[in-house]
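Next up: the structures, one after another.
Okay, so chain A shows up in both of these, paired with chain B first and chain C after.
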Partner chain A sequence: MPKITINGKNMEVPAGTSIIQACQQADIPIAHYCWHEGLSVAGACRMCMVEVEKNPKLQIACNTQAVDGMIIHTDSEKVKDTVKWALDFHLINHPLDCPICDQAGECKLQDYYMSYGLYTPEMNQPKMKKNKVVSLGERVLLDQERCILCSRCVRFTSEVSKTNELGIFNRGDRSVIGTFENRPMNNNYSVNTVDICPVGALTSKDFRFKQRVWFLKDFETICNGCSTGCNVTVSYNQNGVFRVRPRKNEAVNGHWMCDEGRDVYKHTNLEFRLEQVVERNDELGGASVKGKPVPLAIQEISKKLKTLTSKNADAVAVVLTAQYTVEEYEALLQALTALKVKNFYHWKNNEETFDSFDGLLLRGDKNPNTQGLLKVMEKYKVKGNLKDFEKGSAFSMTIVAGPENQTVYPDLEKKIDVLKKGGEVVYLTSCKNDKFNTFKWQIPMKSFVEKSGTFINHKGMEQKIKGGLKISKEAITLTEFAAALSEAGGARA
Partner chain B sequence: MEQKLLMKHYENDEYASYKGYVKHDGYAALKKAFTMKPDDIIAEVKNSGLRGRGGAGFSTGMKWSFLPKNNEPRFLLCNADEGEPGTFKDRMMMERAPHQLIEGMIISAFAIQSKKSYIYIRGEYNESYKIVEKALKEAYDAGMLGKNIMNSGFDHDMDVYRGAGAYIVGEETALISSLEGLKGQPKLKPPFPAVQGYLRKPTIVNNVETLAAVTWIITNGAGAYKKYGTEKSAGTKLFSVSGNINKPGVYEVPLGYPFKDLLENECGGMKQGFNFKALIPGGSSCPVLNKEEALKSTMDYECMSQLGSMLGSGGVIVIDDKQCMVDLLKVLMHFYHHESCGQCTPCREGTGWLEKLTNGIGAGTAKLEDVGLLDKVARHMMGTTICALSDAAALPVISFVSKFRDEFECHVREHRCKVKGKCHAQDHH
Partner chain C sequence: MSVVKRPSAKSKWYIPGILTGLGITIKHMLFNLAHRKDIYTIEYPEERYPYSERFKGNHILTVKKDGSLRCTACMLCATYCPAECISIVAAEHDDPSVEKYPISYEIDILRCVFCGFCEEACPVDAIRMGPEHQTAAIVGDNFVYDINRLAYRPGLKGGVLSKVDDEERHKKGL
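And now, the complex of A and B:
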């Protein structure tokens, strides 16, 4: 293992480590635009220049391997001056339209100007004029003037998504990022280019102009879009959730996530949420009555349930989708089995097959916790799926833990008739959907950003989700539902 | 004195054909080479002191010895993408003696044990391309290329590839990119081409003149070659001389030849009414020399480096006293701005900035500080990029501004050209 010295600090790094990686390990800041851990080395931005003793020329840290005995300086006057000028070269044709730029606040040009620049610009020439709004695909927009041509996005499409839609056209300072005519960037990983864009050149059509980033707070959690369980950062404020971005985890998703996963926040926002209990009142001709307090509704459900199970345990069924946490399943199954319920059904909407995996991250099983649900069902020695439910005899009452992310259940509405076989349906859901008004009860549930717990992904890896947002006031978790169900009406009596 | 080692038969028209070439002992060097061991040829070239004639002046034998010592397939590329402004020697070599180049390439390929080589010809050189292509066919027909050349058991194939008109492709890694079918942009080093080049295989890229010189060295031996030139600059070199001189053209002189003699004897002196003012000794990327420096200089690597310039590709541009340095720099800056590949930020943005500054100074719209800024920007572009184009753009700026600052300041301060009163640099853009 080579022993090197960076800024007087001795360290040992694995053979083959580049200087920039060594600096990262030692927490020594080093400016860079084109280098990205998940991509090949381009060596084009020339920001990561460092001084290596016995070498008359400054070297780029990203393409220089640490060799035994190397003495490296990242803070000498020569380096500082060169980095300052490299930054200035990035900025001379940059439009400096920060006030209307979406990236402002998380822009590397701004950050590095504060840490390496702080000079008075000497550029007094007219700037290059390029296109300000270029649509690269369904989800990504390009501002060619803001682009610093670091080529991260181009390398992403050639190395990660392997779709090669992007290229750099023309030469010199006329260079622009672009796509071929009629070949837009519509791969399912396109928004990653927005994340890795260090400046405001690539913006997400979905997030663009929605929020200033300094009004957003972040928390880390797991995507609930499929069984891969990509690690993500969710950005939110008092007005709701605004975006989901990938978080590095080499064991799961590397640096990336798919575009479908970007949309998982949408169903958590208030406009799509079921906020109150909805009860179908047959006395009023099947009209929907809203606003019954949740505890009261559960009390009624509990009463009915207990009456039914005391006569015939087979009168009640439970249908579960794999979109809740392990802890919730555990609580629900414990409570219901205590109430003698024994018919549990796993509502599978799609199969995990060889072809359904896209080869990168997105899997056929669009539920985050299938493994977790199966594990808990096994623990309570119950099994069955929706087909068994369909084939079996009718029930008097059915509790359905419906999907939180309805977009991955395209046949959801067709299943209404199937579920109605369950008699009086208690539908637990976080999303509002008028079609469900035919069910006896709809109880508002919390979404994955509002609760904590465990998902088990397709590999069997346990990952914690950490929510804690308050979006829908009355919503409850399955755990709370189970507890209320057991306690209500003197269950212990 | 001109010393025509390579150019000996160039005036003879039939030398371009296979028959004419063989008549003048053509392909004798190849025959001799096949009696030698490949490593001995490399040693011979190393001993001859031959330095790359494309511009960098790196020892050719040394370059060859960087190849890995294994059986990995390897390539020899001939860099005939002669794009350095002021240089036109490779063109003449290809047009007058294509077989000399082909023979040199086969010898070199045998030395490095490469079975495939390409001649990468500049896109604009249509005539050269036609002549080299025809010569290649002749060589194949005569059995000088293909399987079992001259019963030596050595197989070699050669192809011609044409560029699309980019100056940067003269840089060897950009040439490799272009040959691979990619955009002609330099690649990061390391890995160096000798380790990982064309198609990620070990590759040697040599200039036309370098490869042609190998033919002479093998025929006459390293010792004979070393007799010409100076200690560190062995042999002869072809200089493409241009400017307002009586006899512009390509001249082969031993390295170390005084520039003054080249100008006065070979080139017939300045044209009437023109006086010598400055010299760009090795193509437009080399720093300019003023009159005093130029007249005491000798045409070799050491002297030019001592004077802070370079011998480069041997594109000798003679500047006379009717030329405005601002006007000349404006032309150069337009060229480098146009030709920057756009990969590295300092070059991509800097070349544009330099051109705009030069235009402003020429037009007289700039401030006096801009002359200093021009120099400052150029200095910060030096040595910061993947290839040398950034330096190539910066070096002329620094030397022009430092040696002819009065002409730049006159354009700004007095809104007139110091040399001509009015010049093209004053045209607005």
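And now, the complex of A and C:
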């Protein structure tokens, strides 16, 4: 274990640690562009210069190993001057694009200019003109002028996604990032290059020009796109949710997330949401009636449920998708078993590809909480899946906790026909869909950004989600549904 | 504290007060008739007071040489605006050298406090405060000014040209 001193602070680091990692452990900021925790060392940007005593020249912190007795200075005048000059060189051909650049506000060039630069540029030659708005693939755009050639994206495609689409072409100040002819970057991890780009060279087509980043607030949660349960940061403001970015968690997703997961915010926005109770009114010839208050609707459902179960416990079925939290299942199963309901079915989507895995993060099980649902069902000693529901006899009433994210249920329409056999269907859903109008009831549910709870991922790891957004006003959670159901049904009395 | 003064015998003698007041009025009338040029009052709708060209009145969105909006939708004005009266929706432009432009730029003029911060924040001289200050309108009129009104209202005669030109900047190598 080498003992080193950084800025007068003694510390011990594991052998093989680089100076930049040691500084990170000691919470000492070091300017850097090309170094990234999850990638190999390139040593291209020359920004992380530090002064090592008894060494005639400054060293780059990312590619210098900390050895015993090293005395390092990161804040001396010499270091600051070197970083300033390195920054000046990076900005020689950088356009003054900040007003239209999506990275502005979270750009490392802006940050370091304010902390190390504040100089007047000394270059009097015209700037190099390169191509702007170059499409690299379905989701990523490149601005060659803004690029500082840190090669993070190139290393990402060769080391993490292992697809090798990107490369650096040409020499000197004509160097540009690019793809090979007819081979666009369409891998399922391409937007990670946008996240790791320290400047505004790579931008996401989906997020581009939607919002300035300083108008957004962040909160941390778990992606509900698949059973991996990647840790993510969701950005939102009063106009809705705008993007999802990965958050470091070595035990789950490292630094990355897949492109499919980037879309999980879309269904949470108001334009896709079911905002009110929808009831099919048979007296009006099956017309949909909107706007009944949620408590009243649940009261009616509860009354019906109670009369049915008091006669025959087998008349009622419950179909559950694995898109809700453990706490919600717990509350629902507790309330319903108290009301003598005993037919519970687990609704699996895409059964053929359910156990598939792409080798990196994405899993075929597109539900965040399959393990959690199975665990709760086991606890209440109920089992069954949608096939059993299909084969079994017809029911008078069925409560369906439908999928929150409908796009991961490709056979949803077929399954709607299957569910019709459930008699009077109470469909709990976050998103609207005209196909649901055949059901007796549709109750609006909260999405994963609006509620808190626990997801259990494929490994059995419990992860908390912390919602707190208010998007749909009337939406409720399964817990609230269960509580209203049992109160109105008199189960507690 | 409110004091109610009961009419006294003295206060019934109001005629001297009226005559004094009338005297002052007549004095000013005669003075003004003699010195008509020195009167401060103007006959408002027909005659208007000339304000300085630098008066910070209604906003103007400037245009480029081809007549399109100069605004790049960077939203610095909307960020800086203390009244939060500016709302911009940005979009991708077909021309890669323009890249970003506003498809909607609206100022809620009733919320605006005419502080001029938007003009100060703008990096490309796209928004200015013009000398126009009379914006009275009847109820139900549209007080949310859109691009058409801000950049191309008849008073501007086809738009005001911005001082910052991208082509010139590119020629200089910036």
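Assume the second predicted complex is superposed on the first by the 482 of 493 C-alpha atoms of A that agree within 3 Å, B and C clash if a C-alpha of one lies under 4 Å from a C-alpha of the other, contacts with A are read in each partner's own complex, and residues count from 1 in each chain.
As a working rule, contacts are C-beta pairs under 8 Å (C-beta built on N, C-alpha and C of every residue); 3 or more make two chains touch, one makes a residue touch a chain.
Just so we're clear, the structure is a prediction, and the values are computed from it rather than from any experiment.
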Checklist entry - chain B versus chain C on the shared chain A, clash or fit? => result fit
Checklist entry - Who wins on chain A residues touched, chain B or chain C? => result B
Checklist entry - Where does A:Arg247 make contact in the superposed view: on chain B (first), on chain C (second), on both, or on neither? => result neither
Next on the checklist: One more residue to check, A:Lys306. First (chain B), second (chain C), both or neither?
Outcome noted: neither
Item to check | Touched partner set for A:Arg139, first chain B, second chain C, both or neither | outcome: neither
Item to check | C-alpha centroid angle, chain C to chain B via chain A, nearest 10° | outcome: 90
Next on the checklist: With both complexes overlaid on chain A, does A:Pro126 touch chain B (first), chain C (second), both or neither?
Outcome noted: both
Item to check | Partner chain in contact with A:His346 - chain B first, chain C second, else both or neither | outcome: neither
Next on the checklist: Please give the least Cα distance, whole angstrom, that chain B and chain C reach in the superposed model.
Outcome noted: 12
Next on the checklist: Per the definitions at the top, what is the overlap between the chain A residues touching chain B and those touching chain C?
Outcome noted: 125-126
Next on the checklist: Help me check something: in the complex, which residues belonging to chain C touch chain A?
Outcome noted: 72-76, 79, 90-92, 96-97, 99-100, 123-124, 170, 172-174
Checklist outcome for this item: chain A residues touching chain B in their complex are 41-47, 49, 57-58, 63, 81-82, 85-86, 89-90, 92-93, 122-126, 128, 148-149, 168, 170-175
Next on the checklist: Taking the touch rule as given, give the residues of chain A at its contact with chain C in the complex, in rising order.
Outcome noted: 96, 98-100, 104, 125-127, 129, 131-133, 208-210, 212, 214-215
Next on the checklist: For the complex, give me every residue of chain B touching chain A.
Outcome noted: 166, 183, 188, 190, 337-346, 348-353, 356-357, 360, 367, 370, 373, 376, 380, 383-386
